[in-house]
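One chain, subunit A, links the two complexes that follow: it is found with subunit B in the first and with subunit C in the second.
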Partner chain A sequence: MTVKTLSNVRSLMRETRLPPVYAILVVVFVAAVVLDAIFGRGQITSSTILTNMVVRSVALGIVAMGQTFVMLAASIDLSVAYLISVTAVMASYLMQGDPNRVPMAVAAVFGIGAVVGLVNGLIVSKLKVNPFIATLGVGLVLKGLLNASFETFVGAVPRSFQTLGYGQIGPIPISILVLLAVTIIGALVLSRTKFGAHLYAVGGNVETSRLSGLRTDRVIILAHVICSLTAVLTGLFVVSRLRSGAPWVGTDGLYDLESIAAVVVGGTALSGGKGGVVGTLAGVLIFGILDTMFNQLGVDTFLKQVLRGAIIILAVASYTIRSREKAA
Partner chain B sequence: MAQLSTIGQEKSWRDRILSGLRSVSPIYVVLILLLIGIGTQNPVFLEPSGILNLLRRAAPLMILTAGQLFVIVSGGFDLSVGSIMSLTVIGASLLINNDPTNAWWVILVLFGIGIVAGLINGALVSYLKVPSLIATLGMLLALRGAGLYWTGGAPRGYLTDNFRAFGRGWLEPVPWVERFPYAVIVLIVVSAILIYLFHYTNLGRQLLAVGDNPRAAKLAGIQVEKMRIVAFAVSAVTAVIAGILQGGFGGVNPDAGDGYELQAISAAVLGGAVLLGGRGSVPAAIAGALALEALFTLLNLLGLPKPLRDAVQGLIIIGAVAYAAFSGRRSR
Partner chain C sequence: MANAQLPILEARNITKRFPGVVALNDVSIQFMPGEVHAVVGENGAGKSTLMKLLAGAYTPDEGELFFQGSSISFNHPREAQEVGISIIYQEFNLLPERTVAQNIFLGREPSRYGVVDQRQLMRQTQAVLQRVGAETMISPDAEVKTLSIAQQQLVEIAKALSFDSKVLIMDEPTAALATHEVEILTRLIHKLIANGMAVIFISHRFTEVFDLAKMITVLKDGQHVATVAADAATPSQVITMMVGRELDQYFPELARADEIGAVALEVVNGSNAKLHDISLKLRAGEIVGVSGLQGSGRTELAQAIFGVEPFTSGRILVKGTERPIKTPKAAINLRMGFVTEDRKAEGIFPNQPLNDNILAPVRALQALLRRIKRFGTAEKPQLVLELVQQVDVRTPSIQQEVQYLSGGNQQKVVLAKWLASTCDILIFDEPTRGIDVDAKASIHEMIRDLAQAGTAVLMISSELPEVIGMSDRIVVMWDGRISGELPAGAGEEAIMHLATGHQESHRTAVPEPRGEGTLEL
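Right after this comes the complex of A and B.
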């Protein structure tokens, strides 16, 4: 019976072509429910807690989708945390609590994001700077400019703008719909567009792609622009929940390293060319489930970090040990 | 024929100076320019005591960078070093428990913790095949959490004077300079050992081979897994030393090492190391770290607010690596 169900699940996964990370997601979720039933209050399956669990994953989830794009291109983006801070601060500074200024402010921060992504992409593709160093450097520049201009919370977003963070359509929070929309758009771009196919090709082997006539630089630049735009969207979501932006909101959230971890846990290879945003969604949800479970069980905040670090390593080890990839 | 050879000789005479200049890592030129810049702002900094002060402040980053280089040339990253530094400072303050006689065994315990962390990093990368970026990031999160858990979130206790002497103490009297910081003695000893290990034993060559092409290295009979583990252990040990110096210099602070991992990687890259392995030199990496600290000093002397220093640092790192990539392509 169980063997049959297991093989059913396996064939189902093959048919829907869900990445293997969904198996881990199910295991983690079941473990959370069982642990909560034994040691906690057994409420983890209540709709309030489940909803909160997803809402908590939205900020990381949106930027992780963009991070997936750059990592598919065998690049990486360490500047996202600083860009999230810049967005949160600039959005609340430009809005000053006035609903009429929302469109202008949103356009401005997306403009900033596009420029940052363009700069990242140009440095990586044209100047041939290692993406780790390039985006770290751009991040430092953003951090420096931001901290030189602002010291603490500035401005505020109007109440209407907080709908993004707190609003609901029926029983479903708008933020969850935004995350789903970003994921679906990302998945369609990757699977149905020429750019998506080129992205996998460039990530698989830049030189071969270039010799096959692809404009590889453009593909890498566009991937970086997309990543920066998702960081801006995360920044807008964060500031809509906080009401006001401070220069540390992005870095405190550890969005740079955590988004990379979520993408890798989701099954995208660090070496590029393999993976996708659907896997990343599962990676982000695994983090959300763990956070919620630790809260429900009353695990010490600091111990939580220790477990989180261990689980990230184990999850990634569970694929690499099978695929025997070259470690780097 | 004869003409050709004279032309060849003429060219080689000029080329020899040029190529001699080119083979010197540009980081030394940058370092000298930065020191000249500091000297024009305030000559006191270039007196022996000023230089020793700069070296004392830079010692933790310089030692850390030398260790990070071992991991970088073997093809990996070590992001966990900053959290090992912080844990060293936290652990020292808690274990010494205000009794100076405890300092010596505590230092041994701290090295033990560091080595275990390094071995785990290496084993994760070598045997579980976890990419080093993720393995050491997980270690960073875990150790940061462990440190905060240990203190309960707020630092307690203080470091005894005999422990702090490594970071802030001076050896007196010394001829010529009157006094000499212990941190610089540690720096010289550790640098000498690491330079010896990397440039004068087989270890360095094997690490370079692993970073250049792990498969070829394996076929050539190098124990690739063992080499990677050694690299991470060296890096972790330098992180403990850097933590002891930093704790002595700056006192108890639960995030004493935060951000040092990225600075060390940047410094190694400034010193000409190539990320993902195969090329690097310990003295140049150490010079890169000193250049980074000299840059901070210069920007400070120029009166730039601290946040803008980050921005300038970012631009310079990108510029240096872009320059290296550009000249690398040209020479090929």
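Right after this comes the complex of A and C.
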């Protein structure tokens, strides 16, 4: 019977064109429910816990969408965690708890993000510096500037701004709606626009794209700008939940490596040109489910990390094996 | 119609230099609309350089290009494409993960406010596919990776047509195609020239050159030797122009009976996923040629023997003793060597110097070699220098990175590598593919020298003259099996019968197959 349902699931996924990571998402969720029923309190399916689970995924989810864009272009962005810190600190510093300063502060941090993305993109595309090094370098510069200027929590966001982190429309948290909106916009941009088509092309083969007359540098730069803007949005979300920004919030959240892991688990190729934000959403949710499950079961923090790492490797290995089987 | 007499594209006194070589020297050619024009020549004759100049990928150092009578120059391939000159490289320029439609209209997607108009895109794609006659074969929203090589080529041609090209340049368009696919391409090319397009192609396959082309241009060492009408020349005349000598002189003499020794390698009923029931004997001092069509299992046979994709059943005996060969290392330990077909991917370390390339297997074996005291001081540069001289690698120094050598010289490096490890059994997979005639002859001689020195040689080749000229025995493969064995000097016809799966007894009923050409160079 299970074999039959499995093949049903497969054909269903083919028809809906859902990335294969959704199969893993279902497996992880079922496993979490079963384990929680046996060893935990069996509450993991309660709406409170489920909602919390998604809300916790929002911060990572938003920046992972941007990370998907740069990784589709066969680039990568290691500066996002530092940019999230910069955003959180600058937003609360500029707002100083005054609702009237919110628009100015938001505009300022998005401006900073755009500049960071532009710099990343220019270094990668024009100077041809390996994106790992380029964005790590930019990230370290940001970190240095931030640590030189701020030591701990500075300023505060006004209560009204905290609606982003804690508000609800009816029963649904606003933050979840923001994540969904970012995902849907990202998916539409990738599938429907010329920019999306060109992004896949550049990530798939730069030389082919160049010979087809694409301005490949622009595509890469724009992807980096988009990624930085999503990092800023994550930063704003983080600070709205924390009330105040500190220079370590981004790096402590491991948003750089976790966003890359979520994208890869979501099925986007590290080599670029293949994948998408819909898969990334599943990758992020898998992390959310794992964290919630480990919390419910009271798993030790370090063991948690071991298990997370193992699951990332297993997921990605399963894609490699699948594609090798297809090739044979 | 007066225009029909004017060349659509003309190269006048074109010279192109690269560091150290004159790739093209004062070459002038006219290409007429509605004609197929073949460009032939040895590797390194300057064919590819000429094609790239015509397509705007290079700019000439001297001379001029004329398009429809007026002087023209390109800074980027896109500019050539826009005036109507398209090029299809041997390595396709398609994105495997994207659809046919996305590939054809990449960078020119019909759109409104940046949003792609999917319906328009599909309609336009369907229309160009129709022009290449592939609308029923290829769906616009199929991902390119799911298509066959022939279909991908049709997509490339469709892409070229979508630019309203007046000149279509193709680099070895049939190299990877099966016979019936070549026919589809031939029909399409006839249709294109009937509509007034000029088609220029490079090919090593003379059957097609003479089938398709109206004019043939011969290049040699960057010089324009001649442009002749195809119906006024014979293949052997063209070959003589290319190389300046007759074909027959290439091959060294076969082994005499007393030079052939004991059985060095024996495969008994070897099978794996791709091979079935392979039995084969290879004797010291003997060259056994393996022939067969693309996909018949030739390369897989070599890989199975060498432990790359080992046999899953059956036995391998080396010098009479049964040996499991499950990895290449096991094969090397048994003093076997494998000169691979795909030099770049399997045979060389492109960014390492010559020296390290040649010594790679020696170093892998050092422990063993030291034990048998045959190569106690294997690292001596003398050894490498000697080998480089022996195989005649043209290189400024043994510290030269191999990626900067020409294809023929890279092949010689691969050869030297295995010579350095002094093998008893050597497997060659397409030892002379894609290298020029001179290098070919010297590699043939080297292989024969090795056999005379007592090495057992298994030589896989898709070129019938090479198999016939070199082999002391010929094994023919078909569909993963050995379909028959022929003695030295067997005819092309006999080989092709076995290679297409027909038994000897049906010989007369079968027409001579085309494509896997008898006059391939």
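In this section, the second predicted complex is superposed on the first by the 318 of 328 C-alpha atoms of A that agree within 3 Å, B and C clash if a C-alpha of one lies under 4 Å from a C-alpha of the other, contacts with A are read in each partner's own complex, and residues count from 1 in each chain.
The definition used in the following text is that a residue touches a chain if its C-beta (ideal position, glycine included) is under 8 Å from a C-beta of that chain, and two chains touch if they have at least 3 such contacts.
Just so you know, these numbers come straight off a predicted model, no measurement behind them.
Asker: Using the touch definition from the top, say if A:Thr45 reaches subunit B (first), subunit C (second), both or neither.
Answerer: A:Thr45 contacts neither subunit B nor subunit C.
Asker: Once the structures are superposed on A, label A:Ser212 by its partner contacts, choosing first (subunit B), second (subunit C), both or neither.
Answerer: second
Asker: Regarding the shared-chain residue A:Ser160, is it in contact with subunit B (first), subunit C (second), both, or neither?
Answerer: Once the two structures are laid over each other on A, A:Ser160 reaches no partner at all.
Asker: Can A:Phe195 be said to touch subunit B (first), subunit C (second), both, or neither?
Answerer: second
Asker: Looking at the overlay, does A:Asn130 come into contact with subunit B only (first), subunit C only (second), both, or neither?
Answerer: first
Asker: Scan A:Lys274 for contacts with subunit B and subunit C and give back first, second, both or neither.
Answerer: So A:Lys274 only meets subunit C here.
Asker: Of the two partners subunit B and subunit C, which one touches more residues belonging to subunit A?
Answerer: Touching more residues of subunit A than the other partner does is B.
Asker: Based on the superposed arrangement, let me know which partner A:Leu145 touches: subunit B (first), subunit C (second), both, or neither?
Answerer: In the superposition, A:Leu145 touches subunit B alone.
Asker: With the two structures laid over each other on chain A, which partner does A:Gln168 touch: subunit B (first), subunit C (second), both, or neither?
Answerer: So A:Gln168 meets neither subunit B nor subunit C here.
Asker: For A:Leu303, select first, second, both or neither according to whether it touches subunit B, subunit C, the two together, or no partner.
Answerer: Once the two structures are laid over each other on A, A:Leu303 reaches subunit B alone.
Asker: Would you please give the residues of subunit A that touch subunit B in one complex and also touch subunit C in the other complex?
Answerer: On subunit A, the subunit B and subunit C contacts do not overlap at all.
Asker: Quick check on the complex: what are the subunit A residues that touch subunit C?
Answerer: Those residues of subunit A that touch subunit C are 192-198, 200-201, 204-205, 207-209, 211-214, 273-274.
Asker: So in the complex, the part of subunit B that touches subunit A is made up of which residues?
Answerer: Residues in contact with subunit A: 75-77, 79, 124-126, 128-135, 137-146, 148-149, 153, 214-215, 228, 262, 265-266, 269, 275-277, 305-315, 317-318, 321-322, 325-326, 329.
Asker: Please give the residue numbers of subunit C that touch subunit A in the complex, ascending.
Answerer: Contacts found on subunit C: 77-78, 81, 93-98, 102, 106-109, 111, 114-116, 118.
Asker: Looking at the complex, which residues from subunit A come into contact with subunit B?
Answerer: Subunit A reaches subunit B through residues 123, 127-130, 132-134, 136-141, 143-148, 257, 260-261, 264, 270, 300-310, 312-313, 316-317, 320-321, 324-328.
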